[in-house]
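First chain written, first letter: the chains are A, B, C and D, and each begins at residue 1.
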Amino acid sequence: MKFHEWQAKEAFAAAGMAVPRSVLAEHPDAAVAADLGWPRVLKSQVLRGGRGKAGLVVMARDQAAARSEATRLFASEHGVKRILVEEAVRFERELYLAITVDPVSGGGLVLACAEGGVEIEELAKTAPEKIVRAPVDLRDGLQPFQARAVAYGLGLGGEAAKSVARTLERLWKVFRSHDAELAEINPLFILADGSAVAGDGKLSIDDNAMFRHEALEPGREHYDSEIAFQAAREGIPYLQFDGDISLMCAGAGLTTAVYDLVNYEGGAVANYLEFGGPNYRKAVRAMELCLGNDPKVVLIVTFGTIARADVMATGIAEAIEKLKPRCPIVACIRGTGEEEAQATLRAAGLEPLSDTEEAVRMAVRLSRGGAR
Amino acid sequence: MKFHEWQAKEAFAAAGMAVPRSVLAEHPDAAVAADLGWPRVLKSQVLRGGRGKAGLVVMARDQAAARSEATRLFASEHGVKRILVEEAVRFERELYLAITVDPVSGGGLVLACAEGGVEIEELAKTAPEKIVRAPVDLRDGLQPFQARAVAYGLGLGGEAAKSVARTLERLWKVFRSHDAELAEINPLFILADGSAVAGDGKLSIDDNAMFRHEALEPGREHYDSEIAFQAAREGIPYLQFDGDISLMCAGAGLTTAVYDLVNYEGGAVANYLEFGGPNYRKAVRAMELCLGNDPKVVLIVTFGTIARADVMATGIAEAIEKLKPRCPIVACIRGTGEEEAQATLRAAGLEPLSDTEEAVRMAVRLSRGGAR
Amino acid sequence: MSIFIDRSTRVVVQGITGSEGVFWTRHMIDLGSSVVSGVTPGKEGQSVEGVPVFHTVRNAVAATGADAAMIFVPPRMAMDAVMEAMDAGIRKIVTVADGIPLHEAAIIRARALELGARVVGGNTSGVINPGFAMMGMFPYWIERVYKPGRIGVMTRSGSLTNEVTAMVVRGGYGVSSLIGVGGDPVPGSRFAEYLPDFQADPDTDAVVVIGELGGTMEEEVAAALRAGTFRKPLVAFIGGRTAPEGRRMGHAGAITSGGSGSALDKARALESAGALVADRPSAVGELLRKALGR
Amino acid sequence: MSIFIDRSTRVVVQGITGSEGVFWTRHMIDLGSSVVSGVTPGKEGQSVEGVPVFHTVRNAVAATGADAAMIFVPPRMAMDAVMEAMDAGIRKIVTVADGIPLHEAAIIRARALELGARVVGGNTSGVINPGFAMMGMFPYWIERVYKPGRIGVMTRSGSLTNEVTAMVVRGGYGVSSLIGVGGDPVPGSRFAEYLPDFQADPDTDAVVVIGELGGTMEEEVAAALRAGTFRKPLVAFIGGRTAPEGRRMGHAGAITSGGSGSALDKARALESAGALVADRPSAVGELLRKALGR
């Protein structure tokens, strides 16, 4: 789960890092009134990269500019609900600092760069030698000597080296205590006195560890749509798209393969929804979410083991009975209990298929108004 | 630094362990008035083992008994300043549970025994097979499976096994967060419902880590004498004895060797004091502490490297000048700068020696009223 | 010969008394696996499907000589269960738990590397040698999928494995050993680590890799092909070729980041290293025929 | 040959710009030790006594090929400094810090065991081969103590080492190698771990062990004698024979607990294993003569 900049900076500040003075504005008035001096920075709190290029982060020199920019941002197509209004920080240089998990070693991995504001993935391709990497054992934690080695490895000296090492130790605390996938400061400002201030903040928390971070319960604004938000509350994996074929599949890999096949066949996916694993009894709720997109067809594909075909089929029959979908339903249900499953689907008026690619082709045909 | 039972139990309770309800009484009235039901247990808060055998822990059936026992305890020769008054706990069995550091592996070591109230060191000799030992990596910490293995290793089952495992996980937290040398529960009561209650508590904290535990700053009652307390506040290693030869030496090993030699020669040590290492400039304060015991002789033996002989000798000369000791001083100062040191001592009216054993013999002779 | 397990592998089932534990213990035994003991704290002395239960893995190992651990415990307890197995000396471990916290999965991986242990999973169906033995939960009774044969399979997925393996069988082949490394971002062991075993296995003629977007496991396979450490034919299917950048497709590990880890890049890396890459499951059988020349 | 260091050992001094670092770096060089680099974060580019200073141990190792670390940093930073040295690949480390927190000393020990590194100290004067080289802070200029010769010395103490070694010299001998394992309850390395080196050292005829109450290091030496892994004459002095039970005598490691670790028990264990045990420092020379027959 990705969190907003303001949430990341709250975590950073709680860990002792310096962040710019700020006010979280939900209305242009607050962006203007905040006691932060001039100029100030207006940063739209949306979960997408490249906010600067998209004009979602702007400098305001005075009250008039702040008001007009804030008004523009709140009215933009990007669904800006909050603006983080920050004092403008005078800095001497910018750095990049991040911590993530390295799946190969099973350790933490510090990434740092003496150039801030970079796209680290871009840099990793074009100039990997500019990136300082430091593996960190998750059990030992980041040791002070490792933090120093990163700071000096960036070519820093004096007070700046010390404050970057200190900042990194604090970022490590945030990373570990938040079960982060990624904790990133980009840019990290270095001021004239060598002190470090987090200019931006990214914090992405492992969904599997969210139970340890209930206070951070993600809100509606962390999701692409109301349906996606509701699916998340049900624990049903869901992605919102804007096509007309609603996927209601079981198994992450299979659902992804079906998504590809629909695209190959020239169809357009309305949503990715996976009701396998622990959710295989939730067919009714799953179909309700799918129908919320008013799709032209619902495509059901499963090939399950524990997620038994017969149980899923019973749920689908129940869903049809209860929700009375107006659009056609294409079902291809295989796996444990598949004979009973097919019988159940037939009884519910469906024509069960047993070949995934055939089912996909049929769904695409139907979405174009074609016949079965 | 050893802490009192009541302090250990405060730490245990803060970590989520169950402890008996209690009141810390500084006067018999409080021991009687406490709302803890009858009978209750009166436990003298003194830092010595074998409190039960010494009559320092007693059961009181009623008000009269509580008053008379508390009065007796406060008036005893053991310097009882506080009594921990506890409810009597009805238990089904008693266990032993402790965590210490294993110097060979560099890990934590859990020690447990299905018999509570035992002397674990005694048991280690007579029936070592009764002790369950579990090494724990300090970096990984005690893992849940290790705690369970200890509980089941004690032959427990059902709820008791779970609560002992839970108690051990909490004891580990106390052990680590307090930089403990030893965290011990002896006995650990197991009640009829299988829950565990800490019947006693020992907590000994590493002196070298006391800087991380300022809230636990030891008080006067943690020391054998007022002089020992003052020495501790100066950071000067000191042990109180009741002989008449006051040792003012440098180096832990050498001071101990001198202590042995005095005893071999039939002398009696008034105090062990070591002003080597970082304290080698504190000769005046060290001698002041020694003279506080009103000894028959002060025996100074050093053989230092960083603790330079000439600096110590200058301090000693200054101490003699300032404190004007009435007892004789025997000085044997060797090591870096020893020629200057001997000259300085001679100028201060002393007769410097260069052989430790000769110095000890002279000190013992002088303590018996003999001549140099 | 077989990969990871055979009928002589002595399996202890952690969490054996839970409903999944009971159900799959029966099936593992039915297929022919040697399940010698189970572990559920507090239930030592009981038995499940005739298999004795112990409080701890150490007790189970001491009493029954178990040398492999099949773990059916919830994701929040998975790290502890894996650590317990490794602490008891076990070096082959399968954990099916779906939802192991990322940092704990990483610690499992790091510890396994230290000890030279192999942990399969989490978020996997496990390991199966169709017709012989399994540690995991596969519908081996579906013959059009789990037919014994000479094709090795490695996968990050569950249902998709059924889909693709059915295509292997439809193509006229069967499966020698199937390893599900799991769909998590930090699996306990990685595709490339099994290639030497498949290379050495006289019962495996070719390997099918079922990959997907995210991570670098498929690229590591490509590197092994380029390095020549794996020399048998390799066919791959990579899911998520049309997936949008930066969005997670179901599996926690299935996400591209910053232009790396895309399914298309993986397919290209594998192809340029000599693998045949299927663009859809149904193409797998044909590519195997092409690769094997029969 | 010599134990732990000789003149070819390439020493990096951590904390070289502190006052102790500067002072003892000069003396180590004077005695003949090869001090090749120093480390003080933030001071890379400076030099101390002609020795180049680096920000980190890795930098120092890369630039100067250091293979041993002499650490002069305060006790609260000692663990970090030792970890930094080990992380940089160094496997011979001396830390003199007096007051390393117990749990940190234990972690140092555990990590050193994992890596096969040898950490001498904390709370030690270090290691010296009189007349040749040292890592530590010994008054080697006092000739009646640090006279070169053929007697190995191992000690937990500082001042007492001067006292006892003076007796070795007064007895007509000199010292080959002296290892101060330090007075802490959890030293980085233990007496018995150096016995194989002394056994193999052609320049050592006998070893003097300067022990004291507390811990089990002297018992481990006795066990090595009994096992026959050390076969040269061994003379011991054990301080604290008259020490009261349960009270710490100066060194943090010097405490008996529950009747174990008493100096008397140690002396008995050593004697019964064939060592000669001096009851006072002055007896050491005579016992060496008895043991060596000359």
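What we mean here is this: contacts are C-beta pairs under 8 Å (C-beta built on N, C-alpha and C of every residue); 3 or more make two chains touch, one makes a residue touch a chain.
Because the structure is predicted, anything quoted here is derived from the model rather than measured.
The minimum number of touch steps separating chain A from chain D is 1. With centres computed as the average of Cα coordinates, no chain lies farther from chain C than B. Contact count check for B-D and B-C (C-beta pairs in contact): higher for B-D. With centres defined as mean CA coordinates, chain C is found 55 Å away from chain B. Centroids of chain B and chain D (each the mean of its C-alpha atoms) stand 27 Å apart. Centroid to centroid, with C-alpha atoms defining each point, chain C and chain D lie 51 Å apart.
Along chain A, residues 139 each make contact with two or more other chains. For chain D, no residue reaches two or more other chains under the stated contact definition. Interchain contacts give a graph that is no line, ring or star and is not complete, per the touch definition above. Chain pairs that touch, as defined above: A-B, A-C, A-D, B-C, B-D.
Listed in rising order, the residues of chain B touching chain A in the complex are 139-140. Taken in their complex, chain A has these residues touching chain D: 143-146, 148-149, 152, 157-158, 161-162. Within the complex, the chain C residues that touch chain B are 41-42, 44, 55-59, 77, 80-81, 83-84, 87. Across the complex, chain A is touched by residues 20, 75-76, 98-103, 105-113, 125, 137-139, 142, 155-163, 166, 183, 185-187, 190, 210, 212-213, 215-216, 237, 239-243, 246-254, 257-260, 279-282 of chain C. Within the complex, the chain B residues that touch chain D are 49, 101-108, 119-122, 124-125, 137-139, 176, 179, 181, 206-209, 211-212, 237, 239, 249-257, 259-261, 263-264, 272, 274, 276-278, 302-307, 334-336, 338, 356-357.
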